[in-house]
Every structure is written in structure tokens, then in C-alpha cells.
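Look at the two complexes coming up: chain A is in both, with chain B in one and chain C in the other.
Coming up: the complex of A and B.
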């Protein structure tokens, strides 16, 4: 393990053992629908409340990831998970039945990248043999906490994003598999002064740009060296801004720059600027990117989780939105 | 590229799409107008049924509130509002929806702490200002009446 600037390079890589994605009805109808391990037919996952539904979804993702790796929960040294709900109840409650040492995370939509970064560091540093990284969000539980009741008729502006009902779980281990985690950059907070919580893409775009810029500096690489640079979730507004910021530096991002918020839903699904929520980047990673890395369709990927770290209280008090972006480098087809 | 907050604001405001007013405003006008026309029709009906002018106006409000709550309960209001925007939100139907929607949503936290506490979480300001204005108006009327 080496550190240069803000980036940690895992000279002895940490490996992705398995992954799983679980999604809701709308996510099942999206372009990645068929690639999920399980789709809940009605978003309730057989539960009475939306919070319980999200917890159930997290349990299912963990179960799928463990069974795909054919390991028992006892083989997991540590689970790292988070979600959007107050006190991260979905992840903590999902851990009730699993009996695995658990560290709760809050990074908003950057939670999966944060979990991968920490999970890989724990293994690389010798503190763990196998870590389980988890991130979930549920449209209905997030709406009632952050915005309005589901049946309220108020409309959102075109820059707003749709919280994904989705969960992703990734198992990392020390022994070699087909996908390696080879580097990670922990992001700094950037607050460009956006106070509109219906425009989170704008609030997070600068963080994504800065983390990528720092990573390219630390690694001595450039955007063209990667098959895929994937932010999540900036959606159309933030994705366009990151492009503009890099173009102004004289090194424009190519077709290899994508955003998870623009991949989860189709254009006809009426999600305005795109998807958001911890589950969005986690599910896109687990349903689409990691399988492509394992199959060798992708070789090098920069997975950059972006989080808007505001709360309804801070928004009501007129505070601007601090953004963060954590980057994880994944290499496949080994 | 290093941008200060003002430069960044002009960049993201340019990048953020604005609401499609050419589509939204006519839709709101048509729906809001239709609700008002319905209200007028109901008032005529109530007047013909023998209600006084004042009672007919109150009955129209009650009927439209009932309609708003019924559509919310049937999970149809939000679908209509998606198309109509302010057309359904500004008339009294929007007020009914603003109370019924949280009442339904927070049922899972119990009747008292969920439904009863949360049902005014959106419409609360309307009631506060409405009641305050009524008291003030009453006071002025009383004072003016007293002086006369």
C-alpha cells in the first residue's frame, strides 16, 4: 500500500468476490432491469412500512452476495453499510439478523464508494479478510423524510432527481478473483454555494471534478486511460457541469465518462434529471459494471460516488449543500 | 478550473433546465379553471336547492374539499397534479390534498403521533395565516362596528 497525495494505491490489490443488486418495480422496468438479482414487484418487499421494505431489500442484497460467493455470514470480518434514512436505520436493522461486525457509514449517494474504499483499506491493512459493503435507498422512505408525502400534489423542478429504490452489496476479499480494487481517493468537501436541494447535481459536480482532478494528478494518468469513468449520481445537470469543468481545463472528457444517475432509468420513465440515492450508484455498480469487469468487457473503471451532504433541517435553515466524491479504481478481466 | 461562487452559479444556472412554462401554464389554467367552473356549478345547484348565498358558498368549499380528499385517498390526485401542476394545487382542492396526503403517509407512525401530528405539516401555514387574518379582520370589524 502506497499513498501519494490523497490517493492510496493497493500494490497488493483487494479483490471483489461477489456482488448483488436488488431493486424496486420502476428500477426493474429500466434499462438495467434484467440485470438485477431480484426485483420487488411492488416496492414493499412484503413489508408494512417503507422503512421495513428498504431494510428487507438490504437483507436480500446481502443474502444474494453471500450465496453467490458461497460463504456464510460468519466468514465476513466486517460489514460497512449505509443509507439515507435518519440514523442509517435500513443498514443497521438489516444487520440484526446477519450477526456480522458492523460499521455504519453516511456518505449519502457516495456511500458505496466510501464502503469500497474503507473495505479495501481494512483488508489491505490487515484488519480484515473479507468485508461486505452495502448501500441502499428507497424512493418512498426518502420522500417522506426529505420531501413530501407520496400523494402530495406539489411538483418538482426539472433539475430534481428521483431517489432510486435499490440496494447493492459487494463482498471484498484478500484472495485473487477477476476484479481488483487497485486504488482509492477519499474526497474532500466542496461547497460551491448551491442552496437548492432540488438541484443536487449542481451541488456535487464540483466535488466530482476536484476528486477526479486530484486522482489524475496523484496517479499521473489522464481521462483517456480508462474504459469507464463513472460518477454517481450527478444526473444530467451535474454530468454536464463536470464535462464543462474538464473542458475548460483543456482536457475534455470523452464518451467514456458516464453517470449512474443517467443509466438506471430510461428517458420515458419521467425521473427529471435522473436517478439519485445511495442505492443508485450501488445498484449500477453491482448490476452492470462489476459483471462487465468480471467478463472482461471493461478493463479499468473509475467509480466515483458523489454525495450531497445536506439534511432537511440544514436546507430549511438556508445552508448551502456540501458535496463530496470518493473515487475507487477497479480493474477487471484479470 | 477554479471558479468562485458567482462564476459557478452562473455556470450551473445555465446548465439547469427551467420548468416548461409553455406547457405548464396552459395546463394549470385549464384545470384550475375547470375546478372553479365546477365550484360555480355547485353553487348554482345549492342556491336552487334553497340555500342562502353564504351557506351555498360554504357548501361549495366543503364539496371541493371532499373531492380533493377523495381523489387523494384513491391515489388519483397526485396523477392529476402531475399533469395540472398549480391548477389543482392553488384551488381549495390543493389544500385538501395537503392535509390528506400526510395524514395517509404517516399512518405507519400511529394515529396520534403519525396521522394527527403530521396532517398539518404542509397546510399548517395556510391555517396559521388564515386564522390570524380572520381574527384580525374580526377585530377590525368589531372596532369599526363599535365606533359606528
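Coming up: the complex of A and C.
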């Protein structure tokens, strides 16, 4: 590992061994639906509550990732995961059954990027041979926790995003595969003062901009050097703001800048600004981006997980919404 | 780093550069009160809400740890921290002001041990030069989130614990100091089926036992080899259960086995089974154990952070309480 500024370069890369994405009914009907490893027919995954359904989805994603690599849980040094639920219960209860040493994370919707960054750093540094990185969210468990019970039928403004019912799991290992993790930048918290919790994209855009700016500085590269620059879940509002911030720097992001929140659902699915939730970037990564890297359709990707580190309590107490963004560089077709 | 089983041995140790503990009024009146770096006169720390008070306490602990080492935030590669509040807002909002790359954790009351494990692994592996590890809790913010509003005056059974109003912060670095981090074991989740959320000690005892058992196996050592074996916040009930589990193995823990939950408050302070909360083990470590290691009064300590990975939602849905324990070996008087 070699550090420059806030960025670490894995001169000996860490490798993606397998990945899996599990989603709900709406996610199955979206443009990436056919690429999920499993789609639940009714968002309940055979469980009695939304929280247990989210836990079940996380268990399924881990099981798919492990079985695709033909790896037993005993061969995983540690799992790194989290979710949006209070006290991260869906990850913890999923891990209860798996029996792998578990390091719980809370990075809001940046959790998958945080997990990949830590998982790669732990392997590269010699702490671990194999890590399992996990992030999930569920529309119904998130709505009742963050907003209103579904039965209330609350209206959503155009800037609101739709929490994805989805989970992604990624196995990282030391031995070569087709996809390398070659660099990572841990993000700082930025808070542009947005207090509207129905406008998360605006709250997180600055953190995505700052982490990307720092990464370009540290790596001596520019936006044109990448096949895909992919932010987590800024959706249309935040995606437009990041474009504006780079354009104002005289360094416009090209067509290769996309956002997971704009890829998960189609325009006819009525999700307003787009998708959000830990599961959004995790599932887009695992269903679409990693397979494209493995196949060589993508060569170099910056995966930038974005998170809004607020809670209903902080919002009710008048606090603005702190944003964070962690970046991981992925290289494919090796 | 050298791995055996679930345990990593830092053959080139990582070092504790400084630490700080900040506590509330009750903690100031306890047996460790005089050893805190700062005691708030009224648990509010000048803030309007309990959640903001907890955030302020975390800021103060970080500031004390940095200033005791004469280190600027810019010299910290990353901070690793968490707390018990929904979406870990006290840590996130404290980090917003500090401006250090931030990796949020959720390990419930095991957070300080999880942070030390990850912080040491990241330094040992070359990812970081200096990490700041942080964990906090606040009695009043925890009561209203997990139990009842304070005004309700709910009664507490004898097995209940008192969430500490406290925060600990530890700076780790690569260069030698008087205190070394020499090994760490990441814990698995164990769930003995306890459903009484007023009996966390019983829920977490098995995880402490299992992690210690695995560590003794991996290290080829036994309880008598340590000046102090310190669990996080099992309090009297859980502490007794861990003793029983080891006694049943024919390997009794001696007088050197203590629990942070039994050290923070005096018998006259009416906390029933003892203390709990992320801040409990973090503050006992920073106020008492690390200074004793630096002074050479302790030579070898196993610090075993314990966490109950439940939420009010999981409890209301009939789930039992999963426990986790992460272990860090500390050696002093170098």
C-alpha cells in the first residue's frame, strides 16, 4: 500500500472474488431486474415483518456470493456490513446465522463503499485473507423508520428518492481474479446546510464532489481517465449538482459520470428523483458494474458511495444533513 | 501481522499515543471520577438536547486526546467511531466539525474495541499512520431511545444497567510509545436466546466467553498470563456468567478478571447491575486502564468490548439479543 494525500493505492491489488445482488419486486421490474441473482416476489421474502425481510435479503445475498465462489463461511476472515435500520439490525441478525467474525459499519448509503475500502485495506495489509462486504436497505422498513407508516400514504416532493429494497454482497480476496481493487479514498464529512430530508441528493452532492476532487488530486488523474464514475445515490438533483460543481472548476464531468440512483429504476416507475438507500449502490454495483468489469466491458471505474449521516432525531432538532463519500477504484478485464 | 485462527498478532506493535475520557455528573461522582479529563457539571455540556450534549462530549474527548498528544486533526489519517444513537448521529456530528476522514462503526457497546482493532490493523497494514478511535453514550439520550422518556420514571429491574454518560477517544500511531497494541481478535455473533432487554449482561456473556476462549486457543496462553482481563459492560450478571462458563471448562478466571460495568460507579450510586453503553468501556479504558499501562502498573491487558446488537424494534418483534465481543491485547510499561 502506498498513500498519497487521503488516497491509498493498492500496488498489489485486492481482488473481487464474487458478488451477488438480491432485490424486491419493484427492483425486479426495473432496467437491471434481470441481472439480480434473486428477486423476491413480494418484498417480504417469506418473513412476517419488513425488518426480518431485510435481514432475509441480506442472508440471501451473502449465500449467493459465497456459493458463486464456492467458498464456505469458515474461509471468510471477517464480514463488514451495515444498513440503515436503527442499530443496524438487518446486518447483525443476518450475520448471527452466518457465524463469521463481524465488524459492523455505519456509513448510511455509503456503507458498501466503506466496506470495500476497509475490506481491501484489511486484505492488502495482511489482517485478512478474504472479506465479505455487505449493505442492504428496504423501502418499507426505511419508510416507517425515517418518514411515515406506509398506510399513511404520505405525499413525496419531486426531490425525494425511493429507498431501494435491495442488498449487495461482495467477496474480496488476496488471489487474482478478473476485477482488481486498486485504490481507495476515505471521505470527510461535508455539510452544505441542507435541512430538507426529502432532498438528500443536495445534502450529499458536496461530499461526492470533495472526495472525487481529492482523489483526482492524489492520483494525478482526471475525469476523462475513467470508463465510469459512479456516485452512490445522489439521484437527479445531486447528480446535477456534482456536474455543476465540476463544471465550475473548469473540469466538466463527461457522459461517463453516472449515479446509481438513476440506474435502478426506469422513468415509468414513479420514483421521483431516483433511488436511494444502502442497497441502491450495493445492488447496482453487484448486479451491473462488477459483472461488466469481469467481462471487460468496463476497464476502470470509480465507485463513490455517498451517505447522509442524519437521523429523524437530528432533523427534528433542526440540524442540517452531513454528507460523506468514500471512493473505491475498480479495474476490470484483467 | 501474523494470523492464527481468528486472532492477529501485531509483531510490530501499533502504539497508543494518547487518550481522553469525558463524563457526566454521575460518572464524575464515581470511583474513577477524578481520572476523567473533563466532567460536565450537568450532563448537558452547554447544549439544548441530550443528543447534542452527547455530540459535544465526543468533540471534547477528541479535542483532549489530540491536544494531549499535540497532534492536529490534519495529522490523523482517519477516525473510527460510533455510538448507540439511531444512525450514530453523535459520532457523525462530532466528526463533522473535526474534518478528518471518517469511517463510521456500529458495534453497540463493543465499538471502542472494534475501533481499536480496526485502527491498529489499518496502521499495521500500512493504510494509516495515525487513527483516532472514538465511542460515546449518554444516559438520557439512550433512555428515551431504548426505554422510556426520563419523565416517565420507569422502574428498573435488578439486572438492568445504567447507560454511562461518557466518551473515550484513543489516538493510535505507528511510532513507539509506552503502550503497545499487540494482538486482536474479531468476534463472531452469539445469541443464547435472552429476550429480556433489561438483562443485557446475560445476552452478551456468551460472546465474551467465546471470543476469550478463541483468543486463548489462538495465542496459546491462559487467563493467568494477564494482569487484567477486562470485559466491556457485562456488569454483575454477565460477569458472573463468564466466570461460570470458564469455571465449567476447568479453567477458572482469577481475581484479574474485571468488568468495566462494575468499575465506573460505586455501590452507593444505585445503578443496579452496573454500567453499560459504548461510553462505559471507552471511558474506563481511557480514564483508568491506559494510564495504568503507561505508568507500568499494568503490563498485559485483554480489553474485550462487548455489544448487544439489538434494537427496540427487534425486541418488539420477539427477537432474542445477539451479542458480540471484540478483543484487543494491550501491553504497557514499554
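Note that in this section the second predicted complex is superposed on the first by the 334 of 334 C-alpha atoms of A that agree within 3 Å, B and C clash if a C-alpha of one lies under 4 Å from a C-alpha of the other, contacts with A are read in each partner's own complex, and residues count from 1 in each chain.
We adopt the following convention: contacts are C-beta pairs under 8 Å (C-beta built on N, C-alpha and C of every residue); 3 or more make two chains touch, one makes a residue touch a chain.
These numbers were taken from a predicted model, which means no experiment stands behind them.
K.L.:
Can A:49 be said to touch chain B (first), chain C (second), both, or neither?
P.N.:
both
K.L.:
Under the stated touch criterion, which partner chain does A:249 make contact with: chain B (first), chain C (second), both, or neither?
P.N.:
The answer is first: A:249 touches chain B but not chain C.
K.L.:
For A:194, decide between first (touching chain B), second (touching chain C), both and neither.
P.N.:
So A:194 only meets chain B here.
K.L.:
Considering only touches as defined above, state whether A:208 meets chain B (first), chain C (second), both or neither.
P.N.:
So A:208 meets neither chain B nor chain C here.
K.L.:
Quick one: is A:241 in contact with chain B, with chain C, with both, or with neither? Answer first, second, both or neither.
P.N.:
Once the two structures are laid over each other on A, A:241 reaches chain B alone.
K.L.:
Tell me the contact category for A:39 with respect to chain B and chain C: first, second, both or neither.
P.N.:
neither
K.L.:
In the superposed arrangement, does A:157 touch chain B (first), chain C (second), both or neither?
P.N.:
In the superposed model, A:157 contacts chain B only, not chain C.
K.L.:
Where on chain A do the contacts from chain B and from chain C line up?
P.N.:
Comparing the two interfaces on chain A, one with chain B and one with chain C, the shared residues are 48-49.
K.L.:
Within their complex, state which residues of chain A touch chain B.
P.N.:
48-50, 144, 148-155, 157-159, 192-194, 199, 202, 205-206, 237, 240-241, 244-245, 248-249, 273
K.L.:
Going by the contact rule at the top, pick out the chain B residues touching chain A in the complex.
P.N.:
1, 3, 5, 8-9, 11-12, 15-20, 72, 75, 77-78, 80-82, 85, 88-89, 94, 97-98, 100-102, 104-106, 108, 122
K.L.:
Which stretch or stretches of chain C touch chain A in the complex?
P.N.:
1, 3, 6, 8, 48-49, 51-52, 77-78, 82, 84-89, 92-93, 95-96, 99-108, 114, 117-118, 121-122, 124-127, 129, 145, 185-189, 191, 309-314, 317, 319, 322, 324, 326
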